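Alright, structures below, take your time with them.
The two complexes that follow have chain A in common; it is paired with chain B in the first and with chain C in the second.
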Partner chain A sequence: MRSKRNVWIIALMLVLSLVAAACGGGDGDDGDTGQNGEAEGDAERGGTLTWESEEFSFTGGFDPVGEYLGEAWGVYTNLLLRNLVSYKHAPDAEGNELIADLATEVPEPSGDGTEYTFTIKDGVMFGPPLSREIVCEDVEYAFRRIATETLVAQYGNYYEGVIEGLEIGKDPGKGGISGITCSGDKEITFTLSEPTGDFLYRLAMPAAAPVPEEVAGCFKRAGEYGRYLVSSSGYMFEGSDQMDASSCDSLEPISGFDPDREQILVRNPDYDQATDDYRENWIDEFHHVINTNTNDLEQRLDTGDNDIVYTPTPQTLRKFVQDPELEDRLHVYSGDRTWYVTMNLNEAPFDDINVRKAVNLVMDKDGLLRAWGGANQGEIATHIIPNSMLNDTLSDYDPYPSENFAGDEEAAKAAMAESKYDTDGDGICDAPECKGILQIGANVPPNTDMLPIVEASLEKIGITLESREVTDAYTPITTVARRVPISIRPGWGKDYPDVYTFAVLFQGNGIACEGNYNYSLVGLTQEKADECGIPLNNPDIPSVDDKIDECYAVSQGPDRITCWGELDQQLMEEVVPWVPYLFANVVYTVSGDVTKFEFDQFSGTGAWSKIAVDPST
Partner chain B sequence: MGRYIARRLMYLVLVLLVITLFTFVIFYVLPPSDAALAAAGKLPTPEILAEVREQFGLNDPVHVRYVNFVRDIALGDEYGWPGFGISFDTRSPVKDEIFSRVGVTLQLAAGAAMIWLVLGIATGIVSALNRRKLVDRLVMGFALFGISAPVFAVGLAALYLFAYRWEISPGTGYFPLSEGFGPWFGHFWLPWVVLALQYAAFYARMVRGNLLDTMGEDYIRTARAKGLSERKVIGKHGLRASLTPIVTIFGLDFSLLLGGAVLTETVFNLPGVGQLIVRSVARSDLPVVVAVTVVAALFVSFMSLVVDILYAYLDPRVRYT
Partner chain C sequence: MSQAVEDLGLPIQGPGAGQDTEEIAGKSPRQLFWARFKQDKVALVGVGVIVILAVLAVGAPWISSNIAHRGPNDISLAREMTDDFGLPVGPNGTYLFGADKAGRDLFVRVIYGARTSLLVAIFATGISVSIGVVLGIIAGYFGGKIDTFISRIIDMILSLPLLLFAIGLGAACGTTKTGCNFFFLEIKPGLGLVVFIIAAFSWPYIARIVRGNTLSIREKEYVEAARSLGASNRRIMFREVLPNLVAPIIIYSTLIIPANVIFEAALSFLGVGVPPRTPSWGRMLADASRILDVAPWMMLFPAGFLVLTTLAFNLVGDGLRDALDPRSGR
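Let's look at the complex of A and B:
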């Protein structure tokens, strides 16, 4: 009988579970009372900010020299590392302004523009276990690490050949880079091989932050130092004070960083707020935690167990947009990045500029934006460089207009009719080269939703695509020998607030046979084609290297912006390598415990050093 | 028996060699993706790419790499034994990553196993003894649901109800036992139940079917005729024979779980081997993928041997030479 009763209880529970699970609806939540862009309410010192994400997205074991994505940069620049120069950790144009951080001031270059001298502030320390003042040699050591090939600097190209004597190979040793000189402990001078207008921006990148050789010098391979990182800023990994740095053999990974699970940051006791004008450091602790359940990490915003969701799902985004009580917990910022369709100028039919223009005219950009999730994801791109990086000088520029950005089939056909692949001039691509063209995309949304939109758009002008969704789409499109004709996969964001970081995508002399980011092969030469083992199908591929060199040499200011704007227009009208479709935003939703939210325009993440939470929760 | 065990252990080594070969080919030879490209950064020079490949051990010919791979597993590498190398993603020794997670997976699997054994066997017995009655139909209905419902769907629904709605469960995540029995148990009971449900359903069906078959045997009729109580007839004679196949299945099920309850760990954010393999596949972290595959194969092979030995003790008719 007892077993019978148990069976009834189990059955009843199951039925109730099913019924309850079939009922929808979630609880609402009390919203904050903030304004767009910042939460109002008094920011109080204290509390723990928790950011849950599905993965860390680290590219180099969290070693600053090997990290190339915003997630790591945001933590570095706000919480762990100080550079000679840095940013205000603010949104929009203000957030892209350089300020003195480790240095006493932002210097002007010498007369010929090749020399920059900095004085390092007193009282800026490495945190535990070293607890000592940062000196010139620590800054120099960062560049020695960039020059050390075995450490695999992810953007060493920004320094090699720019700083005199910096060549990537073996560690050049103390004083081994002729273009970096220390005068005592506090003065450092950089000598460049030629004037470089954006050099100060390059000094603000995490790889250029000072590094203690007594710890980092123990690690000779890429990515190893990350778990032993010594802080130079307001926070440190929990457990840093327990790391025994007396010798290389005594070093153990810091307990507060488990690369599989979490980063726990606590206040650095050796940090002096008086030396730092731009980090507010409200929170006591910062927890970046992996949560593999996307649904759960968004649910935990309601309970306050998670404070930050980066790039919420469309369902969550819709909830925040539609609920007036939640809308001030939604933060949307320009991401200084462009998503685009890339066309290979060396592969038919995209070797014909008229075809590329027709593709630009016919593309349903509105459909692509909807595949991304709608207007909150960004504004439709009508040219290559984000408007925010050109000070909106090209915000009205649209060389391939269409009504509601849905594509202009008639105009596209008119362009196609000029193409050699339209044999009868009816505006439809009818040559065999127009059929069954390989299109590569990722096998996850929104790529999977965008592929059919691109197919449908191009079909209107007679180009049929065979789409393939792949796990790692970047491998085929970055390998020149794969000869991928068209891809929906790419996107690009600035590395620092200068258009040169976009211009590198079009340098013919920068084409690499593997790991190539000039997917369109702008400026491809016979020599490079031979090196990469591909035929030069289109000997008339234009180059913009001269224009890039011209703009590179212009000093920072309106003239430089104007020059880059001209490059953008030249690319859109005379080269046409892409169909840019989205100037992507960065979207955050936050919990009700966040009393102050700020965005860091440089890293494209939250400005962790300025965000506050309610310490009582 | 000793010779049998020795022979099986030799076969085990052979099986593992074959598995390592297949695993190596599948993950290192066939894939179109290039792990070195992802790690080399943007705009890498050929020298940088070569350096990354050197550090990842991707420069040597395939056959040399395979030999090194097997040698390191058997003898260890600079990071210890077994030598699984370093993770392309985290740059940490792979064996440390796996060992730190096996404990979590073991706790998940063990807890779920206890529940599904008790639940599955008990409901199977009840169902068999009440054949064609309402309770039998309810139990089999539960079994059908448990087998059919995907574990991730059940997990998400359970989280919604027990964590978000009713707040009976504290939700996802892992707390080690060292941080207190309450938090540890609080975070585990729901994933245990969710994981156990599917297996309990299957076991209930199996026990019911086996017991029904066994209860129809001549020796059962003889036992009743000799005047034994029904409890003794079922408990001592009927169950023993009908549970023997359960031992085999249980051993394989448990060992498979030790390779990672992928969906359960992902839904409940438990840092076990299953969660590790998901992350590693997504990030093309080949050393981890290969290592987990080999470890999982080792668990299954070893457990299969243990089960076979247990079988001999449970069923006197089984003798190994």
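Let's look at the complex of A and C:
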């Protein structure tokens, strides 16, 4: 009996503790949307900015050639790397304007549009341990790295076939890319195979930043160089000056970068502010720290131990929206990114355009926005390309309207009734192909919260899903052979401020059997299907490659925007590969120690080179 | 006791000595068991809780249709039951236990979760006990190389990092419709896989217990007697040894059920359990952990039921052990 009594006591304590934990909590009230706005206040030089996040989200070991997400890009472009051209590290349209960074000016292309010549500024240095001027060969070496197959350039396609002589896998030696020539140390010329209106944007991407061969040349495999990265901008990894770069054998990882814990950046003593018009460099140190406990890193915002929360949880967002004293510490910006449900045009029942249209009509997009956390997370997407990238030319375009974006069941059924999978024409998909369809999503919010909404929406038209929640949902959907019919996982943000970076998602000639981003397989051919080892179930998959090529050739300006808008409409009405549902915002909450906040529209992160903290705290 | 006193020819002492006494009949083992068990009020409470849970689990469809008037995945009231930030509303007149983050009725989902937990636990326990008893008896009875072989398999399975294995299996076999094939088995996430994993990794425990008891029982005189009378090994194992293992098997089974309930909850928590549409206490706890500070009811109710279920089975197991084997110390 004694043991049973103890069991009862322990059980009672357990239940009481649960009850104690349950006390509190409450309903949410209706809240206003957050406000944009920089934190007003005097920005002073000094202090440490701490950014805690659950993970680094690095895709290539922090080697610039292999990094493809905004978190790394924001650190690169603001703090560590300077490109020939860059951005103003500002929000909105201003933040998408190109400026001369390493170069003395942003050049115009030569007469036929295939040649760009830059002059590198004097006095722009690599930081410790090299402490030397950046020269033409350093820029050229960056492109040689892009062409080196073992380094796995994440967006090498932006340069291969564009710059003459650049072929990935060719592993060129010095001077091996015919389309890049140096005239002395300061002049570099790019010769393109054809006019490419957005080429300057491609030069602003981190992989194109100059790289010192005497250090990076020691590393032949993807992701290795990141821990030895030499700065060309206002900050460097702490401990860079301790790195012995006299030989490859003497190199040791820089102490200020532990891939499992933190990045510590301090001021680069070789940086000359006079050469830089757009980085303000208020802070003395930048700490990017891993904290896997989301609740903890948000609570540390209150204590000032953490200064930045990127994408706060709904409960934190609600707190900041509803508390007038916290309003100024909430920053919401347009993210130039679309979140969507992707449908595989080669897999039943999504090989039927009427089914895809029905799915678009029935989807409860308002519910999905709510699952994301409400209106602060963005605006409901009614087409593919974010309005901000089309200069709002399609802001009123909604080919699949419904009241309050909650889905139009009747219209969806009418579309489904046209489908071969609705055998009796009642608007309900009754063919076996509509039952138990595999759906892949992430096992974390908001995917887990979206799933019931998507399932309930599709059930209205007779489509049932067999959903799997997985840790890494991108791997199966980027592997063509997995033949995933539908996924709620994907989203896409611009690589640079040109719609071409969205158009690449629909290039049939860009389908890759592994690492594919054309999840819907738009433009899939028999040849490509054979290459990827899948059957071509739908021989009538439409292609938009011609339209993409047409828009690609148009010069920068309103006509190009118009052309891309036409592509968007063609995709939404004649191809229907997605159900776009959210043009996402980027949301930051900051601590009270942040005296000035700025957003970097290019990377979609904080403009770390313009953010200031109170140095006294 | 009374039988022994009569044999000695001694008078039976008691109240009213010299008066006529009732004939005292001996009790069967079953009667003795029940007499001891029903004296254990705590165990009886455990039984009552299990019965109530079973009724709720079996009656979940009826409850959802006739009392709650909505199913476990019904989101028709999601807009009313979540705020503008997508955060759920707490217990109210419409949703007894409050809403979850998708705006679903938590009460209905908790009731349906009982079906998942009990089904998985009982099936998995049944399978693991069956496998463990058979292999344990064989290992303990025959000894020698057979015992060594089976014992090494047990050691190997016990040394496997179970949760990592389950996560890996989910990742490998969870992203295609047909899952993956292992010889003749089709492995894909679902209730079947959960039962398989739990059963496959819990049978060694009972196998060891049964083996140990068998090693002891096979030396008993009645086993020797059966052998000398020409009984086959199979007959001896299942007619002489197994009946004497009933008590530890029953006790262990009732104790392993709550462990398997927790196991299923852990697998669901990690995302390798039952499909998302199927309510599971473990998955509910995983969802609740992210917004515990603003929606504590999301954890309170599934956790409370989980604790109650685990406790009830543990108390019943304790009671069974005390009733079946009173020599065990209290």
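By definition in this document, the second predicted complex is superposed on the first by the 580 of 617 C-alpha atoms of A that agree within 3 Å, B and C clash if a C-alpha of one lies under 4 Å from a C-alpha of the other, contacts with A are read in each partner's own complex, and residues count from 1 in each chain.
FYI, contacts are C-beta pairs under 8 Å (C-beta built on N, C-alpha and C of every residue); 3 or more make two chains touch, one makes a residue touch a chain.
Computed from a predicted model, the values in this text were never measured in an experiment.
> A:D449 contacts which: chain B (first), chain C (second), both, neither?
second
> One more residue to check, A:V470. First (chain B), second (chain C), both or neither?
both
> Look at A:D277 in the shared chain and tell me whether it touches chain B only, chain C only, both, or neither; answer first, second, both or neither.
neither
> Does the superposition put A:D559 against chain B (first), chain C (second), both, or neither?
It touches nothing on chain B or chain C.
> Based on the superposed arrangement, let me know which partner A:P314 touches: chain B (first), chain C (second), both, or neither?
second
> Contacts for A:E550 in the overlay, against chain B (first) and chain C (second): which applies, first, second, both or neither?
neither
> A:N295 in the overlay: touching chain B, chain C, both, or neither? Say first, second, both or neither.
It touches chain B and chain C both.
> If we overlay the two complexes on their shared chain A, which of chain B and chain C does A:G61 touch? Say first, second, both or neither.
first
> Quick one: classify A:R370 as touching chain B (first), chain C (second), both or neither.
second
> Report, in rising order, the residues of chain A that make contact with chain B in one complex and with chain C in the other.
Common to the two interfaces on chain A: residues 3-4, 7-8, 11, 14, 21, 26-27, 295, 470-472, 475-476.
> Residue numbers of chain C touching chain A in their complex, please.
These residues of chain C touch chain A: 40, 42, 73, 75, 78-79, 82-87, 89-90, 101-102, 104, 167, 170-171, 174-177, 189, 271, 275-277, 287, 290-297, 299-300, 303-304, 307, 311, 314-315, 318, 330.
> Across the complex, what residues on chain A touch chain B?
On the chain A side, the touching residues are 3-4, 6-8, 10-11, 14, 17, 20-21, 26-27, 55, 58-61, 63, 66, 68, 149-150, 152-157, 168, 221-224, 226-227, 253, 259-261, 290-293, 295-296, 299-300, 302-303, 305, 470-472, 474-476, 478-479, 504, 510, 512-515, 517.
> Which of the residues in chain B end up touching chain A in this complex?
Within the complex, chain B touches chain A at residues 32-34, 37-49, 51-52, 55, 89-92, 97, 100-101, 122-123, 125-126, 130, 135, 138-139, 141-142, 145, 156-161, 164-165, 171-173, 265-269, 271, 275-276, 278-279, 282-284.
> Given the complex with chain C, which residues does chain A contribute to the contact?
Of all residues in chain A, those touching chain C are 1-4, 7-8, 11, 14-15, 18-19, 21-31, 294-295, 313-315, 317-318, 321, 367, 370-376, 436, 438, 440, 443, 445-446, 448-449, 451-453, 455-456, 466-472, 475-476, 482-484.
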